[in-house]
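Naming follows writing order (A, B, C and D), and every chain is counted from residue 1.
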């Protein structure tokens, strides 16, 4: 497989509609589900940059969660329209940081925000250098850090 | 690792207490969770026979679901005491069949019953012969088939 | 909320792309996930008929799983394009039956097929009559039963 | 139902054995599962204090996640023995804070640590006063804060 020379898009929004099984008996989406959505957000942010995460894994590059923080503001509900914006806020030789904003589409209410740090590992779980093409180009930097101030 | 010469126990019961995240907004355990519990039942049935499923995988023996049927009788609820009985009902050269009964401990009510067929594969996903030691000894056969009549 | 006079579409296909968290260490989608997808299939089949399942629940009509059968043919893999076709095969005064076919888009391979029976309950869990508008119109009947022959 | 006059135990450890479905194709437990385990830890910490969370809900007291942070140190693996220690670190009129340490039993290795803040709500989702009996007795305070220094 081929990877692009450079990622050029630092922020990307996807639509999410909570599944029935993602709710709990409290009548809202269970808090553990948000990190699953954040992962989907990262996957699609890679994809709009021309990278399928499964191709990264096939090339021996694994991202694993090192730190995750989520601030829950309002509950997400079954089947409502949500928009998750995922932004890459920092890339170093062995870590990549993202921030997330989850909003309800109908009224723009902020439901949750979060941030995460991923480590870059090989198949055996050893820390490896982040692939060159994942470093953002300088011009995109400022854009990607748009939500850093509000990140939890 | 070492495996026993022969499995000798064909039926085994485990206790289950539904987790909060396993419920849905209907106020009961989501129907997709039962197959997770059945898998736990099979794992513990192996374990009482001296076999850890992870050792089987390390030895290159993978069980994959080929067919699953579940009949839901009454809903399971958060945090209540349940008992799941898993019985091995048939073993052939490449398949292993189980049946399941899930009961509420407090009153013995039958909440669900099910049956499944697993195929035995190698790491590449090719069908392989069932390991000899997984064949039940003849004496146990009748016992294991106890719930076959009631299996869905 | 308002419901249509009658459902008119008996079969509907949706696209599914397995999430990373839906895989297991066997390298394929865990077998418990298929029933989650089937539920999504039923939800979207309702929606193309002008019915949101959440509106049914708000109107005091709950569908609960009474019987589920799945035949697993080939494993589904992370991030590949799948198509799930959900068909309503029978509606009676208190039950509704569906069948499912899950195919890989790239080559049309059949990954799984299944069938289910849902009961219609009120908020307290008592069996109630199926709403009139969920009965298929006679003309659609033949169409809906297209996959019944192949249903597991 | 009856609740105790006062919680007296601020820290409690439970055993966890990762389920097969909790792993992902990376060969380790998916990062979203840890928050499910933390919830189990809180439930059992309540239970050793004589409180079933389901009784709290029946009494109209709901805890919802307001903030969650997890630091992942080493991966958890299928079927290995883990120990999760959950400590209550702070209780205010409307919030309760916990910290968590997840260790591998065989060698005591720290796999993850975390902290969370729960809000106390009524059935309609309005913030309510924390029940009196959930405030720790002064003597227990110091004990409960044992892991606060190491909390993420």
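What we mean here is this: a contact is a pair of C-beta atoms (placed from the backbone, for glycine too) under 8 Å apart; a residue touches a chain by one contact, two chains touch by 3 or more.
Since the structure is predicted, the reported quantities are computational estimates derived from the model, not experimental observations.
Chemist: Return the chain whose centre of C-alpha atoms lies at maximal distance from the corresponding centre of chain A.
Modeler: B
Chemist: If you tally the C-beta contacts, which comes out ahead, B-C or A-B?
Modeler: Output for the comparison: B-C.
Chemist: Suppose each chain is reduced to the average of its Cα coordinates; what separation in Å results between chain A and chain C?
Modeler: Spacing between the chain centres: roughly 30 Å.
Chemist: Can you work out the whole-Å distance between the CA centroids of chain A and chain B?
Modeler: Distance between chain centres, rounded to whole Å: 36 Å.
Chemist: Report the inter-chain centroid distance for chain B and chain C in whole angstrom, where each centroid is the mean of the CA atoms.
Modeler: So the centre of chain B lies 25 Å away from the centre of chain C.
Chemist: Which positions in chain B touch two or more other chains at once?
Modeler: Counting only residues that touch two or more other chains, chain B contributes 20-21, 25-26, 28, 32, 36, 39, 78.
Chemist: May I ask you to sort the chain touch graph into line, ring, star, complete or other?
Modeler: complete
Chemist: Considering only the defined contacts, which chain D positions touch chain C in the complex?
Modeler: 20-21, 23-28, 30, 32, 78
Chemist: Spell out the part of chain D that touches chain A in their complex, as residue ranges.
Modeler: 25-26, 28, 31-33, 35-36, 39, 57, 62, 64-72, 75, 125, 152
Chemist: Would you mind writing out the residues of chain B in touch with chain D in their complex?
Modeler: So the residues of chain B touching chain D come out as 19-21, 36, 39-40, 43, 52-54, 78-79.
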